[in-house]
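Mind looking over this structure? Questions follow.
Every chain is named by a letter (A, B, C and D) in the order it is written, and numbering of its residues begins at 1.
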Amino acid sequence: MSEAERLGRRGFLASAATAGAVALTTTAGAAEPPAPASGAKPPDASTKAGAIGAKKLEEVLRVAREKLYPRCRVCPECDGQACAGEVPGLGGIGSGASFRNNVTALRRLTLKLRTLHDVSRPDTKVTLFGRALEFPVLCAALGGTTYNMGAKMSEEDFIEASLGGAKSVGTLGLVADGTEDPLATYQIRLKAIARHGGIAVIKPRAQQDIVERIRLVEEAGALAVAVDVDSAGRAARAAKLGQVIEPKTRKQLAELVRATKLPFIVKGIMTRDEARIAADAGAAGIVVSNHGGRVLDHTPGTAEVLAAIADDLGGKVVILADGGVRTGYDALKLLALGAQVVLVGRPIVRGAHGGGPEGVGVVLSSIRSQLVEAMTLTGTASVRAVERGILS
Amino acid sequence: MSEAERLGRRGFLASAATAGAVALTTTAGAAEPPAPASGAKPPDASTKAGAIGAKKLEEVLRVAREKLYPRCRVCPECDGQACAGEVPGLGGIGSGASFRNNVTALRRLTLKLRTLHDVSRPDTKVTLFGRALEFPVLCAALGGTTYNMGAKMSEEDFIEASLGGAKSVGTLGLVADGTEDPLATYQIRLKAIARHGGIAVIKPRAQQDIVERIRLVEEAGALAVAVDVDSAGRAARAAKLGQVIEPKTRKQLAELVRATKLPFIVKGIMTRDEARIAADAGAAGIVVSNHGGRVLDHTPGTAEVLAAIADDLGGKVVILADGGVRTGYDALKLLALGAQVVLVGRPIVRGAHGGGPEGVGVVLSSIRSQLVEAMTLTGTASVRAVERGILS
Amino acid sequence: MSEAERLGRRGFLASAATAGAVALTTTAGAAEPPAPASGAKPPDASTKAGAIGAKKLEEVLRVAREKLYPRCRVCPECDGQACAGEVPGLGGIGSGASFRNNVTALRRLTLKLRTLHDVSRPDTKVTLFGRALEFPVLCAALGGTTYNMGAKMSEEDFIEASLGGAKSVGTLGLVADGTEDPLATYQIRLKAIARHGGIAVIKPRAQQDIVERIRLVEEAGALAVAVDVDSAGRAARAAKLGQVIEPKTRKQLAELVRATKLPFIVKGIMTRDEARIAADAGAAGIVVSNHGGRVLDHTPGTAEVLAAIADDLGGKVVILADGGVRTGYDALKLLALGAQVVLVGRPIVRGAHGGGPEGVGVVLSSIRSQLVEAMTLTGTASVRAVERGILS
Amino acid sequence: MSEAERLGRRGFLASAATAGAVALTTTAGAAEPPAPASGAKPPDASTKAGAIGAKKLEEVLRVAREKLYPRCRVCPECDGQACAGEVPGLGGIGSGASFRNNVTALRRLTLKLRTLHDVSRPDTKVTLFGRALEFPVLCAALGGTTYNMGAKMSEEDFIEASLGGAKSVGTLGLVADGTEDPLATYQIRLKAIARHGGIAVIKPRAQQDIVERIRLVEEAGALAVAVDVDSAGRAARAAKLGQVIEPKTRKQLAELVRATKLPFIVKGIMTRDEARIAADAGAAGIVVSNHGGRVLDHTPGTAEVLAAIADDLGGKVVILADGGVRTGYDALKLLALGAQVVLVGRPIVRGAHGGGPEGVGVVLSSIRSQLVEAMTLTGTASVRAVERGILS
């Protein structure tokens, strides 16, 4: 049998990914990765552009590809095709449709090119629960460096890369709570929050277990606390580990809201009804999310449901959103649909593996540069007031 | 000429299938195959989850792939692409469009992720013609282990795997009536019904021939009897064998209904008009089905026509449905469209060849696990009341 | 450089075609090719089914593939992908979009599976300009065995295969008029009409030139005469050969209608306006056709425009239609949209090269068998009254 | 590792391009490349058809492919797939979606085949700002032979090929202004305008810088001057080079309009609002363009927005349009949507590299021949009055 016959689809994609490096390199050349900041204070955007850091996106992706293959192929277009069904891993669950729908829903939206205006220096600054951010792009909650990412980094190094990298460019990140992780792992992540700031996520555990974790989160000085109710489908698996993971009622949510002074976020909202329940229960924010397509097969993409949810809530709670965000263009689309802040997930896995905190900074800066270009070319003066009408 | 040049599309798919085994394995890891039950009484779902049987889905599919190739490539996504036109075989007729439409119609439907509720232990039990089932997923009527499946199993072993496997997890199956099969083959299948329970299908033969077979079906103790009128296109081929296969009129159907006390099912309904005729003739149930895309090229997918038929019938007859069901997600979609019970076909062929009754049990349990997860994440408390509104 | 790297898309398709032979074979097995008839009188359909001829569709296609490659790759699905731009050749002009649109427009239409009725022996007989046909499928006008088909047959053998094969199964064909062909070639084709019956097409030449050819057509005893006005785009090329090819006005058409007692057909109608002009000018029939996608890039498929034209004409003229018809299912779809008769082109090229008159008979019989099955399964009693409502 | 495994998608496309040469050759045979004209006066179309020049499209493309690979793969279908993200290079920015949308939007439009009329010699002549053109197809503004095209031609040779080739077939071209080009390069291009006529584009620089360049443009005797405001997204990159590139307000545009007696064109309009601003500011013309998909990812295709803009302007300013035009069919579609003149870009890069001025002439003549055929077959008498209704 020849090598060719052994060349299945996944192998093809692996080689395509390598070939695609050219494209990524080119794109990288267009981005303006900043020098990593030394302190908590975000560097000024205009200086950053000049002082391009030593790590370039190209190099970050090359290293990431070497480390992550075959758990992640670092495809030129990260769209869930090659990794369909790889949970654990970095793919979407089952057929991978929910992951792909996230990407497809964003792709279908087009941006109006508008050039006759006076927006030459768009403003990307935003405030989230009182914290000023350089731009409204956060690291999503990610975990499982061993069972999802192939054991090339420790959880500690990964969360340092994620939160540290985010801080270096003036933003922040979320930390995850894994059903199968020991409490020690969660505590490692909270320490990173203590160092760099961030938001902590807690699984929809038994009420008392959540409250106990909320205390730890408060101690770490987190900006806010979230419960990712979309993890409720793993009830059966959790039960085998002697744990409780469950959907939450309005009453249970209200109880949790009352249990802390931190802003409380409900993560995993995909319908207007759930958004209203979360708001009624007193949540300060929601994350419109299908968990990266990793919990329920065949959900719509988040960009398909976001606008209706945002219109319905009418500004009562802060709306964060994720799902398929790869670029500043994607970020601008979600902002136009009604999000105040967007989360990126898989690109952060690449950045962390490709270059630690600097790698994450390079990835986030590239997204920021694209966001600035896209704002200029759509005549969007500020991320705090993105018109729905720039979408066509 | 190199090996590469000999690599045609089907070969490509064969290797893709092998590569895809990774994905299937991962998915398999997520399922919870139960230990095969020793008696007729279905084991409790919660115990099952703990006592994972020896046969895993991964192994079942690996064995099935080895046995069935090239009759079935056991593709990662069983969608009718690779086997288009393979009748006999396991493909769709002609261009394969009807088979593909079944899959595509299901794929287009998305599920609303709903997480704020109290459904943590969804109820999958259903009653069909007085018989209690653990979950509403049945083995479809399958036959032709030689001319369709490559002669790797006897008809007797196959039907034992199908009905025995179904019974081991608390459900049941249908048995087929092949135009070219001798009566002895049909009698072998009826014996399996006698052992495990089940529903018998009869081809749309001459009226008297059907009545004669109904007597055999009654003697076997079947739960119900069905005539698959969608086989009527094979009239010409049957004629060559000296047999009569024909469409049936309302009057003929009524005659058959009166000829038995068993619940009478009309299989192969794809329009509201036909559904009404069947109901008017006194049928206890219909199967919304295009015969797996194997009788008429270019029909719609069953998921495209089911809702209108169900709304029109308004609960007067039991609605069973099949067509492209591969997972518990697919099953939930057909239930939401109005079916009370769904049938799965090709996955059962895999299960039977990959592991006999246990293999079928593993396949069905995997579907059940997905159904439970999907119910939890859509807030569906019972399969007996699935809201249309969980589809988006 | 390896062989693999030289493997371009067309090579891939060539090998895919070879692999696809399996599928075609399977399909062939399902068809019922009749024995070639010895006389003009069409054999009875039921006898034909029993006496399967020596030449099977499988063998016909195998031989055709060997002879026609690379002019035609005899792809499993003849959809204009592999041969895009190959004019001369057998492809669609330019991007090939018009050819593909023909196929795609047919594919998008689905057939309602209807099984509860008394249509077990559908009637395929039709009368065209007074001539009784066994089934409403004709050979399209085809020519250029050298510049289009690779010089594997003489024009004489080809037209004998086409018209002789058609007659052997109870139908007939059209003959072409090539801009670059000498008059002698046209006369060869007319002799085949004299032997087997048929309809003669004339290019939209100068009025007097057309009238002269009409006389030859009349002498040959043709059933009707057609002018394919869709060839008008070749005016510039014809001019270089000292010929006139031109669009025709209503007045010019009327002049031609008056010049003969034969039924006059206008071929190449794609809009309601043109259909009305043809009817007003006194045409007995029109052919809804985009010339197989070979004259203007980017036209709609014929199945997209046929229904509106048929509804508008309201039965005033006979409607023939072509464009992407490969099977009896396609034929039934065009009949449902309003055609009285359909023409098939490229499958006839395969049949003729794969087996001469017998090969054409095998191809047409296969289409007829599919038509019968499709009529049975849609409850269509006669081709003379096909309901639009069988399409969904 | 075998060669096959190194065969990535881009390599595949490269070989597909080679295979595709057959298709292009065939198409080339259908075109009628004229002999290059010796003087400024365009040759008569009918003579041209007879005197087919020595350089054929086939040869031009073969040479272009050799020279341009891998910067441009000269794919059979130039649709932005293979070169996605290659900016610099010849691709679309980022995901390449804007480039692809241009092509896709044109592809979706179909042409009505109309054959019953008296249009046998359609008129392609048009007047642009007082200058008579043989046909309404211009060379787009192209530059960066080194950073975009791989340094196979000097800027001087390229602009001579473009403008000289255009003039030889009776039309003209635009010249570009690169952010990174020295002024000397711009002056080389203006000299070509002095020799052959043309329109000069200026980047949206600081107002005074634009006015200074306008003086140079006036001296060169350009027909008109344009500012490509769609370049405004490159503000950050320009800043690093110490340059100002910025969006323009209505007031700034009006200032520029007043600064010259040349017709002033605003290039890069994609919305009705921007078109109105340009018209209100006194622009003589606009170019509906997304800069070939090279400035903002995810814009619609120009053919999606053109009709609304044209209807809104109601003839007040001249509308030029570009975006994915490869053939005379594409050109006719944009004319039908409301453009008076269309620009072609990437095909000119092929023509210039494949055969200098003659190569460009061959490419443009091929487009003209297709335009004439398409006009004949849609019954379009003149490019000055193309009905919207020929689109379906």
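Going forward, a contact is a pair of C-beta atoms (placed from the backbone, for glycine too) under 8 Å apart; a residue touches a chain by one contact, two chains touch by 3 or more.
Remember, it's a predicted structure, so these values are computed and weren't measured experimentally.
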item: Copy-to-copy rotation for subunit A and subunit B - C-alpha atoms, rounded to a multiple of 5°; value: 90
item: Interface sides of subunit A and subunit D: same vs different residues, half threshold; value: different
item: Distance from subunit D to subunit C - Cα centre to Cα centre, in angstrom; value: 40
item: Contacts with two or more other chains, residues of subunit A listed in rising order; value: 2-4, 7, 11
item: For the subunit A and subunit D complex, residues of the former touching the latter; value: 2-4, 7, 11-12, 15-16, 18-20, 22-24, 26-27, 29-30, 32, 46, 49-50, 76-77, 107, 109-120, 327, 329, 333, 369-370, 372-374, 376-379, 392
item: Subunit A contact footprint on subunit D (complex, rising order); value: 1-11, 84-89, 91, 93-95, 97, 101, 204, 229-230, 232-236, 239-240, 246-250, 253, 266, 268-271, 273-274, 277-278, 290, 295-300, 305
